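The following pair of complexes shares a single chain, chain A, combined with chain B in the former and chain C in the latter.
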Partner chain A sequence: MHVLEIWYDSSRGNEGKELLCAFLKKLTNRSNLSLFCDLSRYLLCEVCVPDRSSLQLLEDRSIYNTLRAAVKRAHGDYGSALFNIGVIVKYLNAHTGVVLIRSRKKHYRLIWSALSFITCLENRGQMVQCFLNCLHVGGTIRTCQKFLVKYNRQQLHRMLPDCKTDAEKQEVRKAILSCSLSNVRDEEADEDGSDDDDDDDKET
Partner chain B sequence: MSVFMDLNIISSNDKNRLKSIIETAAHLGYSTVAINYVVEPQQKKQEIPKPQSVSDIFDKFPIVQGKSSPIKVLNRLTIIASDASHFRPTNEYKSFDLVAVYPKTEKLFHAACMTFDVDIICIAVAEKQPFHFKRAPVNGAIDRGVFFETCYAAAIRDTTMRRYTIANAISLMEVCKGKNIIMSSGAERPLELRGPYDIANLGLVFSLSEGDAKAAVSTNCRAVLLHGETRATASGVVYTMKKPKTPQKQEEESPVSKKCMRCSAHSWCPVLTAT
Partner chain C sequence: MEEPSKFEQYVYKNASVYHYMKISLVLENGNKYITDAQFKQLIICGLKDLYGEVGASFPFDLLKFDQNKLTGILRVYNSGLVKLWSALTLLGTYQNEACAFRVMQVSPFLLALSGNSRELQFGDQLTL
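Moving on to the complex of A and B:
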């Protein structure tokens, strides 16, 4: 079975999809062609705690369970059902507290609204007081990665005035220069129309 | 490029707590915060606390995330009014940048919307709204440029409060159609703050539209600030500034005081010739 990935502009509704399907059927002389859209939204969040040391042993399971409980409390059975089908924690960095959560495109706002109500995380039996701050919403992991590189560079810039010794300053400067995403594709065809709306909302 | 503001941070005597709240706000991306002094005047005692000078808290303000300028800190006064005599704009109100009122009865709400000289009217979050919102005073307030405020910290603390907050907010949105709303934190601890985009998303839970929800955290807050600044002016057009007196001017004082504006327009003065 061959899978061809096609990026198209869905801002005009379904007629583009129908036309594309018809065109491809004619092109390949196959009548059993079907298109399925795997739309998702990736929420890039940061776990903010009063002291960094309590973040060390964070696991993605604890974030998942806490989020599930919060969605159940805020949106009831409907919320739990939506959570079960689409949501998964894709990436967690225990040192910086960055979490990447994937959810379905139609329901990501519901999950996002329950995120704000989280007050503590349960991690290996210990309760850690924290809150989740959403940094970026992207349509693909790559856009979130690009944003994360920019954000980390900004954080390093903010850390620079607080450095006490010259050696620390050198370290930070070196880290800033080495921030990059390998194989970053600059094509705008990466994102479909609705992604740009979210990205525009998030740009300050 | 929008500027986000959080106009309700409950003040406390603990300077370190205030410092940590403001640092968290700067980390989250808020460009301006306002420290809220809540006053509940009892029967005869009318003590308005003097706001502590902002430079006492920080000698160097933390830089806002994503920008290069430091965070701005303002002072705000909230009067919890259960009687019409509680709200009496005196000179002490002038030392605050923003003035807010929290009306407890329907008559007071009507008076606050139509006549009181305030910038913000607070909506109950910790209890069921004792009175219904009527369209007439709400529209009057919108015409005057007064804003309605919802705080979300109570919703984060407790589930029962969450129900009251959402219920009161939705009934307000139905009446005012999403105009002139601001959302602020009412935070007492740094963990009760949330980022501006998260709050805009909460606005969707309160049945605001996307544009209104984002405006509730950015443009409407800026409008409140401007409203507060123009409270000391004449209809927002003319404002007076004290000019520093130089020693030479002091000799000419007596003839200058006799001269009035009309003399410069006409060659005679109607006021002086009458006396």
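Moving on to the complex of A and C:
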């Protein structure tokens, strides 16, 4: 990791910092450059619903709106302001119900505490009863991806005794062996979040 | 020869767990009839607007309340002082009427609230 120390005049406000960041990103062709003051925390959560099929068409907008309402209820105007500044839903997988929420480092506990107050999601006009379970808190997307690979492998291990036929067992074993982070490096450039290519969640 | 008198000095940081605030409610259209329960409820509403359910559940006590002058003494834990004070500052209405909270004194010790050098009235015998 290379650390570059730059001294700039911050008397004009925040525009200087953003300009500098954009300039450096262009110069080095790296989009995942972050200044030390832009610290963030990524909350890896899982949406738990009683039946899987209602998760199908989940959108990140509905999670964002539900979370915003929950933070407003739990932490008032102060919470809403903090939410507006730093929180964004970075990634959502509708099949497994994995959500990656990004927030500022100073306020991630506030957002985390509001997660417990979510009882239902509004998805295309329908209310889906659910709860959000936080699996991991990471400093970067990459650490969350690494955790997700390990976690999915454990889940698959747990599914193995439940398999009824041998063919299913073979499929699950193959899925476990193919869990890896190998495809991540290409995707890191656009910082789209993981594509969960390491998760072959085969359910019967 | 007398021995020089000894003295000891104790310095406390954060001696008290609580902070005490002397506040008064000022209404635009003169005084209304407000009970102590309504007074506390008003402050809780202010906390709830600014800090949500979590803020409104923070424990604080109304120790004394004067119904004629609408003044009171609040007690709050040290960690909640900033939240309570900011909520009092931003509280603007009571039953659709403009109002304001004036914070007269804040101190970690209740005894300090008994005397206020701003309200001191000097009699004729100022100098001995």
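Criterion: the second predicted complex is superposed on the first by the 146 of 204 C-alpha atoms of A that agree within 3 Å, B and C clash if a C-alpha of one lies under 4 Å from a C-alpha of the other, contacts with A are read in each partner's own complex, and residues count from 1 in each chain.
Assume a residue touches a chain if its C-beta (ideal position, glycine included) is under 8 Å from a C-beta of that chain, and two chains touch if they have at least 3 such contacts.
The structure displayed is predicted, hence computed values, not measured ones.
First (chain B), second (chain C), both or neither: which does A:77 touch?
Second partner only.
Figure out whether A:174 sits in contact with chain B (first) or chain C (second), or with both, or with neither.
Touch status of A:174: no partner.
Between chain B (first) and chain C (second), which does A:134 come into contact with in this model arrangement: first, second, both, or neither?
Once the two structures are laid over each other on A, A:134 reaches chain B alone.
Which of the two partners, first being chain B and second being chain C, lies in contact with A:113: first, second, both, or neither?
Both chain B and chain C are touched by A:113.
Look at A:154 in the shared chain and tell me whether it touches chain B only, chain C only, both, or neither; answer first, second, both or neither.
first
State whether chain B or chain C is in contact with more residues of chain A in the superposed arrangement.
Between chain B and chain C, the winner on chain A residue contacts is B.
Shared contact residues on chain A, chain B side and chain C side combined as an intersection?
Touching chain B in the first complex and chain C in the second, residues 73, 113 of chain A appear in both lists.
Touching chain A in the complex: which residues of chain C?
Chain C residues touching chain A: 48-55.
For chain B, which residues count as touching chain A in their complex?
Per the touch definition, chain B meets chain A at residues 1-2, 20, 24, 27-29, 63, 65-67, 155-157, 159, 162, 190-195, 197-199, 201-202, 204-205, 214.
So in the complex, the part of chain A that touches chain C is made up of which residues?
My answer: residues 71-79, 113.
Of all residues in chain A, which touch chain B in the complex?
Residues 48, 50, 73, 109, 112-113, 115-117, 119, 129-131, 133-135, 154, 158, 201-202, 204.
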